[in-house]
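Quick heads-up: structures coming right below.
Heads up, the next two complexes both have chain A, just with different partners, chain B and then chain C.
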Partner chain A sequence: MLADHLDPMAASLFSLLVIASLLLAFVMLGSRWLKDYMLAFAAQSWLIGILSALIGYYGGYRELYWVAGFTVLFRGIVLPWLILRILRRLNTARELHEVLSTSTSLVIGAAAVIFALVVAMRITKDLGITSNVVVLALTVMFSMKLIGFLMLTLRHEAISQILGILVLENGIFLGTQILVPGMPLMIELVLLFDLLVAVACFGVLVRYLLTHIGSTSSRDLRRLTG
Partner chain B sequence: MLRDVAAQIAQVLAVLLLSPLLQGFILRYEERAQRSCGPSLLQPYRDLRKLFRKQLVVPATASWVFWTAPVVAFTAMLTVPILIPVLTNYPLPLSDMGDILGGGLILTLGTFFVNLAALDSGSAYGGIGASRTVMITILAEPTLILVFVGITLMAHAMLPFVVNHLLVAEPAIYWGPTHLFLVAAFFVLLLAETDRLPIHSSTHIEVYMIEEARVLEYSGPLLALLKWSGMMKQFILYTIFCHVLLLPWGLSKLGTAMGLAGAVLAILIKFGVVACAVIGVETAQSRLRFYRYQEPLAAAFMLAVLAIVANQIR
Partner chain C sequence: MSLTARLLILSLAPLLAVLLGLLVRRARSSEYLNLAASVVVLLMALPLPFLGGLPITLLGGYLLVDPLGAWVVMCVAVVYLLSSIYAIGYMRHDVHRVSQLPLFYALLAAFALTMLIAPLVNSIGVYWIAIELTTLVSTFLVGFERNAESMEAAWKYIIVVSSGISLALLGTALLYWGGTFVYGQTYQLTWASLAQAAPHMPPVLLKMGFLLALIGYGTKVGLAPMHTWLPDAHSEGPAPVSAMLSGALLNTAMVGIVRFLAATDAAGQGALPHAALVILGVLSLLVGALFIVRQRQIKRLMAYSSVEHMGVLALGFGFGGTLGVAGALYHMINHSLAKPLLFFGAGNAMQHYRSKRIADIRGVWQAFPVSGAIWLCGAVAITGAPPFGLFLSEFAILRAGWNARYLWAALAMLLLLIVIFVAFLNHFRAMYLAESTTAPVGHDHWCGGWRVVPMALPLVPLLVLGVWWPSSWTTLFHTIANALGATP
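Right, the complex of A and B next:
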């Protein structure tokens, strides 16, 4: 495992990028403006791209440079651009109705991080891994997944739900990059295009919702029609 | 020994003489960034010269506090540069008088005396200014203390010189999360303490007046001393930010005249970079409402806590 014998420079850079991505997930959780979510997501994707390039550098995986390039290109530029296009068409710039207030959701997010830390400590203890970077990567992976789920459940706008899925996916991607680097390039590419297709489908869905219902909030979708 | 004393004097003189230049740089290039012409780089020097020549008017209600406050503030700002690495990266004579906390104490002492003087003359604006300053200080101080605690835990020492050496010697610590989050937290503090947006307390608009309201009763040379000590405080905070946290390189190692001159040149470049970042924030950010001042400071607090946590699990 790469994370078992890292030199101190690599360890500090990895933990910096990992913690900064977690911080950006919290920015998304704490903000109400759809555009802010998108910018934070783009920044997070850039950080993850840099992280993959660094793992490629320190671990000697040549193909991770490609993965980093594709991550920055698709997650950092193309996906935010697509979402921006959808946002321009919408007439809502922010979440109007919230299930929970911003501060409450931040507190729940913090509790999720603590839960993730406990789980990660337990797993690494059972596996006999002592590396702190692994604990950190596991914690951030779990907590970003939980934060993604929180965003999916607490937000009504279709756009925030897409971004919730994307955060969830970013978390998994970040975790796998550190824990099992050197996945086949094909799988990474499939994941990236999967996301692209998901966002494109959401774009179509949003357009459909706007023409037929006039709003993209899931609050208005309560009735099943055949 | 004699050379060290000379270097120490040079440190104090550098802070004294270069601080108006920093203020002028920020004011000029902020205007430039906003597509207007901007005052000259040397305008703060001219302002100071003008104020020193003006007549001194003292309110009838003022007591001795009114007279001593500018002198105490100015002296405090002359004392702090002795304790921190301004030009040399090794301790000079009298540098061991105090550590980071000691420097923070002396910095706050000046603010405290100006607050007393604002209350002393009994004007309504002075009271508003003093109470608002104290509120911002209450919000900013816990973060400052936590940043100091973080630095101490990171370097296992409270002396700024030790931190400087550690950051130069160990790139792994420099690029670690602890250090960079401390930098981010201190940057927010720097904005708040040097009167920049999103708080920007030294404006003349009465509703927002904080810093300006405190010194409203002063005129002539005493006002010049207060303004100058404000600029020196800004310069000292930039020094701590650059030489203890962000850019620990480019200091004189031996204390020769050439080295000191090089260090001054490096200061001009480094502070220019930080000032450009500050100008960027000032241009992009709008003023917060008074009751939202805690938000950036709370974010800084959280970053400092995160830095300490990251240091503990390293």
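Right, the complex of A and C next:
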């Protein structure tokens, strides 16, 4: 695989981008202001786009340039813009009710990263892979998954939940590009497009939530039980 | 008729219904357009599993028509037709919504289209996208009534299912990674190439990929403990939509799990995946039983019954073997026939009594003798009592599990099915026989033909399937079980 025989420059660039993405996930986890949250997501998408382009360059996967372009366009520009539009319509600029304090959730996030690291080390040991980039990519993929779920459970604002789901998918995008850069182009492009449709649907729903329930916090969604 | 033409008509009919319905924008014409599309779909889909020459790949390898996928398409087509008939009667009831009817039918046909395509998709990545599309379309159907409850249900539905199914994407990526050890960096990940590569994949990736896919698609199937969206979505959508969700949608996601399971079987790593599926099945039955016993709302009762039956399906495929697979497939069509009937009955009762609460639904015998009798038969059928088809299929699944390894699960299944039988019918006893405290408020023509015919229609095959297991189906089930690599 690509990650087995990287030149040191590429390996350190990949690691840098991967770690920066993970840091941005923590920025999201620690931020209570929805706009910061959204900006961190946009920045993360840009980093992932740059990563795709670099992998395309070093691995000779021409089609990854397309993926990079579309990632930056859809996830780095269009989605944040759509979410910004929704944000402007809503009156909520921040999470009002915190389930856990910021510091506690950051600590839990750190624990999630350690867990992901343990899992990634076990897998790579089983596979007999020694490349640090692979371990790092697996760790970040799993930990962004876990952090995404953490954000979904700890946050109540509709926008936070949408962003939580997008972070879940950012993690997969990041991981797959390093582990399996050959995963067919078609699928990745359709996935990007699919996300756009998904967020459009979310936008419509948020508006409905606001008009029919008068709030976009899932704390107020408690009629259906049992 | 060639297979390609058949599939083309199958997918073009609902597509045309969507486009023309949106173009014409008249309530009556969109009703009949959708109905016509569903009739065409059923005519095309009914013979599909029994055609010779399957499995076959079409459209440059993007479509895979195999008996299993065709079987699920047939189930979807049956439910689509029943729901389309019932929707005409049900949706006309609310006169304020007439202007929204074209939109409703367009969404309904689009929903059917996505569900007809998903089981036939050959590439695993595209299958994931197809399943995601079914969620996106049906969210708007769940929230169609636009009151606070249905918006809440729609929001929970899309959030829970999208986040759950992203795990399946992770699982798919890991399996693709596993495949690169066999095929090299770039290849098409199809169901066939997965099953071929599985024996040579690192087992850790195969097992982890399967478990992630099981959790992801299991969310969509509604297996406990990922079922939390299901009762809300099923209870708050309009009754025809509930029937489509329960009778058709859940099966299309089950196909994915079954195919991943077959890949692990092919690799000889099936023990853990089968056990995981069996455990989720028993959990679903348990959750279904607990919530059915103390249920207060009529449509949530039906929804938890869906959780229960998806548990039964999971047990059938989890027990495995020819008998388990055959029982599960038989159960799939029986459930697809019986569940719409129950949701339609619930829809009638809800509109007649203007309440969702079981406690408000009293004196059903007096209020509607004919469709009430059919509804009661449906309730007896869904709880797995003879002489209906579900008895045979549940019995087959139970026999498949009656071996040393899964005896505990089979016993738990038996016990929980008995609990559910008693509890479910107890609710019906109260609705039919208990004295009503308040007079029924409804006075409308609840018993119009559009509402009774789709309830009576599935009762006939349910009865027939209960006394006669067609031999051509047995052959088909054997073919599917062999293709899935089930050992007898």
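The rule is simple: the second predicted complex is superposed on the first by the 224 of 226 C-alpha atoms of A that agree within 3 Å, B and C clash if a C-alpha of one lies under 4 Å from a C-alpha of the other, contacts with A are read in each partner's own complex, and residues count from 1 in each chain.
Quick note on the criterion: a contact is a pair of C-beta atoms (placed from the backbone, for glycine too) under 8 Å apart; a residue touches a chain by one contact, two chains touch by 3 or more.
Quantities reported herein were computed from a predicted structural model and do not represent experimental measurements.
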item: Joint occupancy of chain A by chain B and chain C, clash or fit; value: fit
item: Degrees between the directions from chain A toward chain B and toward chain C, using C-alpha centres, nearest 10; value: 170
item: Which superposed partner A:Leu23 touches (first chain B, second chain C, both, neither); value: first
item: Touched chain A residues, chain B compared with chain C; value: C
item: Chain B versus chain C as contact partner of A:Leu13, first or second or both or neither; value: first
item: Partner chain in contact with A:Ser131 - chain B first, chain C second, else both or neither; value: neither
item: CA minimum distance (chain B, chain C), superposed complexes, angstrom; value: 23
item: On chain A, the residue positions that both chain B and chain C contact, one per complex; value: none
item: Complex interface listing, chain C residues touching chain A; value: 123, 125-126, 129, 132-133, 136, 139-140, 143, 146-149, 151-156, 158-159, 162-163, 166-167, 169-170, 173, 176-177, 180, 184-189, 202, 204-205, 208, 231-232, 235-236, 291, 294-297, 300
item: Chain A contact footprint on chain B (complex, rising order); value: 170-173, 175-177, 180-181, 306, 310, 313-314
item: List of chain A residues in touch with chain B within their complex; value: 7-9, 11-13, 15-16, 19-20, 23, 132, 135-136
item: Residue numbers on chain A that touch chain C, as the complex places them; value: 1-2, 122-123, 126-127, 141, 145, 148-149, 152, 158, 161, 164-165, 168-169, 171-172, 175-176, 179-184, 187, 190-191, 194, 197-198, 201-202, 204-205, 208-209, 212-213, 218, 221, 223-224, 226
